[in-house]
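The same chain A turns up in both complexes below, where it pairs with chain B and then with chain C.
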Partner chain A sequence: MAEASALLFAYCETPVHAGTGRSVGTVDLPIQRERITGFPIVQASSVKGVLRAATQTNGADAERHRALFGPDRPEEASAHAGALQVTDLQVVLFPVRSLAGVFAWTTSPAVLARLGRLAKLAGIEGPVDPTRFAGLQPGQCAVANESTLLVQAGQQVGVVLEEYSFTLAGELAGLVSALAEWLAAHALPQAPEYAWWRENLAKHLCVLPDDDFRDFVLYATEIEAHVRLKDETKTVEPGALWTTEALPAETLLVGLLATTRSRYDKVNEDGRALLGWLTSKLDGRRVRLGGDETTGRGAVVLRVARV
Partner chain B sequence: MRERPRPDQPRGNGRPPHRGAGRPPGDGRSGPPRDRDRSAERPDGERGRPHPLLPSTTRTFWSSARAHVTNPALLFDRFAPEAAVFGDRTDATPRRDFLREVIAAAERLARSDLAGHLLARWEATVRAAGAEPFSVELESRLVTGLGAHGPLEIGFRFDRLGFPVLPGSGLKGVARAYAHLVERRDESEPDFLAVFGRVPRSGEAHEVGQAGALVFFDGYPEPGWRLELDVMTPHYPDYYSGKEPPTPWQNPNPVTFLAVAPGTRYRIAIGLRQGASDPDGRLRALAAEWLRKGLAQLGFGAKTTSGYGVFRSRE
Partner chain C sequence: MKTLFLEPLDVWLFRDGRPFTAGEQFRAASRFPPSPLVVQGALRAYHLMVHSTVPAWDTAAVAEVVGGPDDWGPLRLAGPLVARRTASGQLEALLPPPADAAFHDRQLRRLPVPEQPPEWLRVPAPTPALFPLWHAGEPVSEKASQPLWLRLTDFAAYCRGEPVPGVPQEELWAEEVRIGIAQDSSRRTTREGLYYEARYVRPAPGVGLLVSFTGLDWPEETGVLALGGERRSARFEAVSAFAPPPVPEPLPERFVLSFLTPAVFERGWLPRDWGAFFDGSVVLVAAALDRYETVGGFDLARGRERPARRAVPAGSVYYFVARGEARLRRTSDLPWSTVSDWGAEIGFGTVLIGGW
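Up next is the complex of A and B:
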């Protein structure tokens, strides 16, 4: 049983390709998705590996690192288990191109319900009651009053994302503002270069019905075509044309970190102390997640939110 | 009154296109279908009509908001008017007018607050990866992503928010091509191998593969970037598709497309992969040198043999 837990947010600064390596679909290299919902995820094992590599240290901290992540060497693997538990990262905000305001951060009631559940496990009061968005009808969306996403045609006011238009569920505007405030305070990076993001989140936030959100995360991810050219001829090598899928930059992901008491005999610390140490190493840290790192993919900023 | 298309003369208007929409021209497989110029016969209102497959409410919003759109990528991918997609291919006017709208949207984006904040964040991101960013300036026009699928026959590489970025994979390729072609280096050299890594060739053991030690980030345009309209005009479309000799009765076929304007400056960054080591920055400096020279001598993107995509390096 976990003694302490915290929310781990990862904000994508460049597209993130956490891939599955193969596919039978139209994209050659698709991203990891949850089987039931089709929502994109980053598997916990990749996340834990990145966290382990990012916090590797020497000296006394090296023992603490081992207590958290388990022994480094495979032959010692049976000595003790690590004290850290990591979950898959799931999508909280997904950016979609908008006719007004460049892009929208979209989310949905189901996503918010899961975020609330994770927040509860971490002992943090969740953003908003997701059941209050249950009234969203297909083709409707909820935005804040000061939203920059609004387009107007005569009497009609709406939001156009990609080529789909949504009408407003006006009574939910206050709730969206509250959600934006919560996310700006708990989820977005606190670095000075993120001031614009924290201030403008409310203006770009858009809560969609679950079905519409699902369609966007399924069909509006970043698809890049790649070729490999022969240096000598500058023509494409045979078979060297492929497509990769990536989570777009400006996506926000969330997962849970939980710790138990150390099971390593050289470290006698409880879960709270271990999580505190890990938080100090990770909060605000820039790491790279997923594949294609050497061509600039996978840059994320971490944020640890705990009580 | 609209003329009915004759059965022997395929006419695109209002029908699906007769060839792969995303295929770049000049690939030798087929030329654009020929048609007599009917632009004079078409009523003006028809030109700006949005794509017929757009949902009707979206069309309503679109027609009132089109003058304020700030995402050129969305415009380009989703809102091409009917006449620009299906229309008479020898009449370039609808496509040209549409691309001008895209260029105007790009100007609004380049002037927006977001552009400045994104570049500032980009600097923070790449510096965290150990990169020393530098600027390069376009000497000629730049075109990338010509072959991308889209409603128009010629694509363009925008990122999600509509910035004409230089993809990191392409930058890595240019640096590698320069080191290989001009400096005659290859994977037998430790520096070359460390910078670019290698993939095992077929028949080789899996263990010989390794990842490069450096990260080539996407290049971001600096404030003041612009897009321009460009045109190529194949005069003998049937000749290029191998159907006829270059006869004088073939219709020249103007194809308008987007290009990044000369003078546009890009920020480039080469960082360090997690866990890789380059304590004195020697590898990064070497790769930056290869990339600068590659951008100046080989060029970036498409049509580099026609002088596109040439950069000059600037401190």
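Up next is the complex of A and C:
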């Protein structure tokens, strides 16, 4: 097939502030969200800009780079389109504070259904059948048998995330383990320093009903207050107090990369070859996504999963 | 014939034709559904890039495969129509809010049938007087804040004048405003003056576009193609057994042309000659239409903008009386009919025939 696709995972190592620049809510600088679900995203224009900058190169590769991303100069933009299509990054795993086990990687059936759909487009067999989780009732969650999130209170065993308690849907434990295995193999970076994360994913993974997941991604992000000090007096400048929102570290995001063959007359390569080149430049690479990068925000590790 | 259901992977951007140039304009608006021009461009580009080995920069060779910028080659297209998946997994096609509908309580009802205008209304105009689409003495219309979309399956009942439940537009898609900046990658700072705001379309889960076509070899059942601005992604899936209600032959004595996509006519809201679309004699007696839409776009082959054309908007309804036996002329093998002076081959003026 001349057109090739791959899954692009971004694992947040530090909080990521991919902002919208304005708000009408209580947070001054909120993060980007989908209009209908409220789930956090990183817009494709940001992602493409980062990928373009991260793979910028010289020599023969510069032509390949141009074939993939299109001409650099805006005045040449109509010469030809780039061969690459990038989508928004969507949330797959969202870390939430847990009473036991420090934090849980939460996800939901709707999120898994999207992941499965993207995986299928990339020609990869999806993680699990999301409809198997459809029976999760509000206040219920599914974790693996070996989970470190379990809390016992008298006869009751459950999971406590932030200040909310969840009972267990025990019959889904095997499915959660299978999901963790898939994510460890396809989504997490494969470098040795990520061994702990791959091994512990199953113990921290928690599938929540869609509504509960939505509440966490809406209300459990990181909000930081910032002030600006006057240099001379070391006191706050009047009016210089603002809050910014960020996706917490350990969030996992996913998007799709799709390529066609080159439209640039100096490069005659098919989509598979171009995607292969891009994968070799991106897989396992650390890049900076979103704003505030000089204060440590936005360090993410990329993983490209393809057949 | 191939019918594809196109679903977004995130958002779509279908520009409304107003200029949006870096450093000059900072706001880009989007419209939904897109015009047939957008969809034919996306299908032809995909076909060219995936099913052929012709170099994309060889204009003559490209024209061999998919046709030139103004001739559509062998492609014949109908749609695009907005559609959504129901809870049972079936696809439900939705027709744009009809211009002759009164909306009440999430229901649509057609205005009373047009009647011969009274003597006092006749004016010495060179055009024949059309029948007014109202009924003296009866309250018929109520200003609707939210247009309601009509289910294809309810079209017949709607034409009979029965009230039918509509689908509010807010259930189908939302506007997603995004702010963008340009960065100077050498200095990692924002570039002065390059701030923009674009309004994208975010279809609700399960909502997408339905398009039928012939003339392109298309073996894939599913895949990804680029659709609209910014090469945003659309997941396509081949759909079987989807067709409109058949066109009655001959046409009933009193019939309507209900436009599902915009139509470009030579004389504004009127075509050069209705006779070009019908066999037999038909007379236009009434019409309901909203203000014109502008259809433009970018001509990739020539590297410049296409001329902007004014189009009768989707949802327009034209009332006809057939004098004797009349038939709608067919222009393609597709089960859908198109009535438009320009672009009928690629889906402009996709119509349904109803009675009144």
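Quick note on the criterion: the second predicted complex is superposed on the first by the 305 of 307 C-alpha atoms of A that agree within 3 Å, B and C clash if a C-alpha of one lies under 4 Å from a C-alpha of the other, contacts with A are read in each partner's own complex, and residues count from 1 in each chain.
We adopt the following convention: a residue touches a chain if its C-beta (ideal position, glycine included) is under 8 Å from a C-beta of that chain, and two chains touch if they have at least 3 such contacts.
None of these values were measured; they are calculated from a predicted model.
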Clash or fit, chain B versus chain C on superposed chain A: fit
First (chain B), second (chain C), both or neither touched by A:His65: neither
Contacts of A:Arg303 with chain B and chain C, given as first, second, both or neither: neither
Chain B versus chain C as contact partner of A:Ser78, first or second or both or neither: second
Partner chain in contact with A:Arg35 - chain B first, chain C second, else both or neither: second
Angle at the Cα centre of chain A, taken between the Cα centres of chain B and chain C once the superposition is applied, in steps of 10 degrees: 130
Touching partner for A:Asp88 - first (chain B), second (chain C), both, neither: second
Touched partner set for A:His17, first chain B, second chain C, both or neither: neither
Touching partner for A:Asp265 - first (chain B), second (chain C), both, neither: second
Which of chain B and chain C A:Gln156 touches, first, second, both or neither: first
Partner chain(s) touched by A:Gly49 [first = chain B, second = chain C, both, neither]: second
Overlay on shared chain A, then closest C-alpha pair between chain B and chain C (Å): 5
On chain A, positions contacted by chain B and by chain C: 53, 293
In the complex with chain B, residue positions of chain A that touch it: 13-14, 50, 53-54, 95, 97-103, 151-154, 156, 158, 160, 162-165, 191, 193-194, 196-197, 222, 224-226, 229, 231-232, 248-250, 286-288, 292-297, 299
Complex contacts: residues of chain A adjacent to chain C: 1-3, 5, 20-22, 32, 34-36, 41, 43-45, 49, 53, 56, 74, 78-82, 85, 87-88, 90, 117-118, 120-121, 256, 258, 260-265, 268, 271, 293
Complex contacts: residues of chain C adjacent to chain A: 9-11, 22, 46, 49-51, 55-57, 174-176, 178-181, 183, 185, 188, 202, 204-205, 222-224, 226, 230-233, 235, 298, 303
Of chain B, residues touching chain A in the complex: 54-55, 57-58, 60-65, 68-71, 73-74, 78-79, 109, 112-114, 117, 120-125, 128-129, 147-148, 159-162, 167-169, 172-173, 176-177, 180-181, 197, 211-212, 214-218, 273-275
